[in-house]
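What follows is a set of structures to go through.
You will see subunit A twice below: alongside subunit B first, and alongside subunit C after that.
Moving on, here comes the complex of A and B:
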């Protein structure tokens, strides 16, 4: 059972690994990409087998319905998928600009001798235990966001713990990951190319933008690494997302749940019910398919953009 | 009147001095050849003139450099680079940008043109001058990194010419070209010097003899001798210069 949990939580890391591969050579990308797709495919089959009882009972409805009622053994994972999508979307929308800003600030704007220190500081925040983030989200971020949002629009956030809170917390958690990948690419802009950019009269800011275009595959890599982290984050999200795994919502200012946090929160008592374990596996299956879809998009982008 | 004037220029990288007191004036609308063995500091002098040297945090520069009597270190660096364009020793197009973009970028950033039509004309004319237009006219959208080495070199010539600069710094601009294209670029420079001041770095004394009006011989970070090209080649005042121009010093 614990092994299962570990495997489920592995998927987003595989997606994240996929992100890192964007920065590798083409053939390498294909090879490792194929390996990762194969691994995810294998997991898909495994999850399909485990989820089979509930699929046999409910059909595809388990993916399309909402609600979580252990007493009547009626489960749906759509609300969790929506939660994963919404929190990840909020997180990515905030994290990518922040990561770009952090990368440019450290590599282009800070004096050379401070680069190392600030870079290490940012990298360090990536290694902090997620439970610390969760606690901070619980006691600081959640209440702050609630009062902030409610000041802007009265009664929007009735609870401090919402999909939005989780998204913002995730953004803060994943920014260093994306920033690290972008910075890595940024440092690889060859000196002659940098000279060309400045020689044609670019300002520092314009030069930064041109360089970012040069390293766009690293940005894409950082994006997928961060997205994988966001989709897979369990503990911190479970602490601030509100834990509403029953009611379907698309309002980010309401409490919700994500697939990873649903699995984490429900797994301990799942074995007491006949269909809850298969239902959780159905959630894992959905997360996997979702990850595959994202990879497909990624592959499409690479091939179209000839990155 | 001198277009560019170096007064006691010194450059060091970290602890190692590279340019150790250069005084040189470069006359307007002429070609001045900067010759010297590898490592003598030719490229460094060019990098001072458009202040790209500032991209090297370990570089220390002292002394003065004047452009039209104005100290370049007091000038707005963007204005300086608009006026002083450079063709680099190693062709350095921005590889992911298209052929067109590489030439157009500087014009756009500095708002030197109005509208797409004028931009296109400027880019086209620069590519024509650089003898590249015919080879790329049908693939202006192709990433510049896919061009051959010699084509990249000419693309960089076009990029610099698009600015219609006052000063053109050319660091061995024909190093990657075949004799035919070399001859064309040399002819181009002879044409261009009617409108601009050219500083031509060359490893190859015959090229300096062929097209330059003035020549300076740089050795270990110092100007050994400079003056009209004819004098430098026919009656060098220094043994080192004579050895160099006759191909006995590398």
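Moving on, here comes the complex of A and C:
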């Protein structure tokens, strides 16, 4: 196994560095490119191998059945999959308007010297450790949301830690990622187009709407990139989602689980069961495939629509 | 109503819609950054109070974490582990990320460079817990052979140097600081690569030709002469990437695993984010307080790096 790893990881790096320094730069650099592609390939293969026992036993059913019962060695990740979809849906519904707001605020509303400051604040939102978001969600956001929702509609939210809480927290965390892509596109609107918009007598709000329509590919690309983040986010979600990995629920005001938080919460005691580690790796495989698919779509959209 | 009046009315309506619309956008934009202030305020108010209650700043930065029955404690082992793994991860991330960025930025007409760029774009968005699991899987496969053929003989050879060396080099446990650093570096590589790539791509053609003309070998042209043109952007990339990985929790869960004591880096290693994650979910008030203190320390580290990056960049 060691030999295999050396061949796959370490030796290519050394050859690449050597080639880069002493032989032919171009080939050294190419090997670095190969290194990153190999890492992604190795990652997918590794998860397939690790998840093989449970897929061999249950087939695709592991992704389609609910119920997580380690004592009976019966695992299904459907409730986690549903939780991932629900939290991401809540997060995207809240995050996209905020991301559009950020892009317009920076480019249209703020005076030039405040733009950098506001942009830095948005970037800082993306750099903040996720565990600090989790801490805040655990002790501030969760209880606040519970009392807020319960004043609007009595007794809908029985616990502060629900899929809805996770969705709101995710929305705050992923807004800067969507906003970054939209801002990038917004800044690329050609000057003649902008002048034409104002020449026909558009107000600033109308101009903003027209420009947003002009960069719709970037908005769609930002949507998918942020969606990828929302589906993969682990620690903050695991802290506020409620950790209910047993019961299947589609009510966002109940506690639930997502795939990534299932892995984070169940992995520490997985080694005591025969099939739990493969089941969790099956979840990771699912996350990987989602990640690859969503990113492929996002990259395709952005590249196709490059202004 | 004359046509003129009608036009005036429409203009007035449009003005109102204009202000309402812009106001809505501004409101949404501000809503995106308000939580940031709430979080920073919450962490510092509760965190500073917690640090004072748990025995002052120095004790908090060096002491062992509190058990549920203690009144005071700190995050010493966590701080050491975080610093060690972050520095290692950042160095490794730059060592791979920088040349990779040069490749996808400078040779972007090659077909394979586009494949590599797609790979980097995928990796930067990858769920971090997946990367942690990947390193865990690799580690659990490689550990035995690695210890048997490489680290056991190595630690015997270097043992005359002194006992302190066993803190750093020796047979590895399943969970160790090096696995943590490896996971962090995989997260850092695409950050550095993408920013380096866009910096190299934005170099003007005449400058590039001048560099090739004076640099002689292609290596000198790319890495010595043109490096000066992009050093600022690359430095910013390195700092922001470091700030990002210093706060990562998910990739460390199954690689560094966490620890409550000062321990050799070859075994389970503590980290500040891991302690925040663990302590915040305990029912004990003293440990929750220490989680807030740890969060304040972590936030201070990250804000410092972030501000340095912004001022320099």
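Note that in this section the second predicted complex is superposed on the first by the 240 of 307 C-alpha atoms of A that agree within 3 Å, B and C clash if a C-alpha of one lies under 4 Å from a C-alpha of the other, contacts with A are read in each partner's own complex, and residues count from 1 in each chain.
FYI, contacts are C-beta pairs under 8 Å (C-beta built on N, C-alpha and C of every residue); 3 or more make two chains touch, one makes a residue touch a chain.
Everything numeric in this text was worked out from a predicted model, so none of it was measured.
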First (subunit B), second (subunit C), both or neither touched by A:61: neither
Greater residue coverage of subunit A in the superposed arrangement, subunit B or subunit C: C
First (subunit B), second (subunit C), both or neither touched by A:194: first
Which superposed partner A:203 touches (first subunit B, second subunit C, both, neither): both
Which superposed partner A:260 touches (first subunit B, second subunit C, both, neither): second
Partner chain in contact with A:213 - subunit B first, subunit C second, else both or neither: first
Partner chain in contact with A:112 - subunit B first, subunit C second, else both or neither: first
Touched partner set for A:39, first subunit B, second subunit C, both or neither: second
Which of subunit B and subunit C A:89 touches, first, second, both or neither: neither
First (subunit B), second (subunit C), both or neither touched by A:172: second
Set of subunit A residues, in rising order, touched by both subunit B and subunit C: 203, 206
Complex contacts: residues of subunit A adjacent to subunit C: 1-3, 5, 13, 16-17, 20-21, 25-26, 28-30, 32-37, 39-40, 42-43, 46-47, 50, 97-106, 108-109, 118, 120-122, 124-125, 127-136, 138-140, 172, 175-176, 179, 203-206, 208-209, 225, 228-229, 231-235, 239, 260, 263-264, 267, 280-281, 284, 287-288, 291-292, 294-296, 298-299
Subunit A to subunit B touching residues, read off their complex: 112, 190-203, 206, 210, 213-214, 216
Parts of subunit B lying in touch with subunit A, wherever the complex brings them together: 50, 52, 55, 57, 78, 81-82, 85-86, 88, 90, 92-97, 105-106, 109-110, 156, 159, 163
Partner subunit A, residues of subunit C touching it in the complex: 14-15, 17-22, 24-33, 35-36, 38-39, 42-43, 96, 99-100, 102-104, 106-107, 110, 112-113, 115-116, 118-123, 125-131, 133-134, 137-138, 141-142, 144-146, 149-150, 186, 189-190, 193, 217-219, 222, 240, 243-244, 246-250, 253-254, 273, 276-277, 280-281, 288, 291-292, 295, 298-299, 302-303, 306, 310
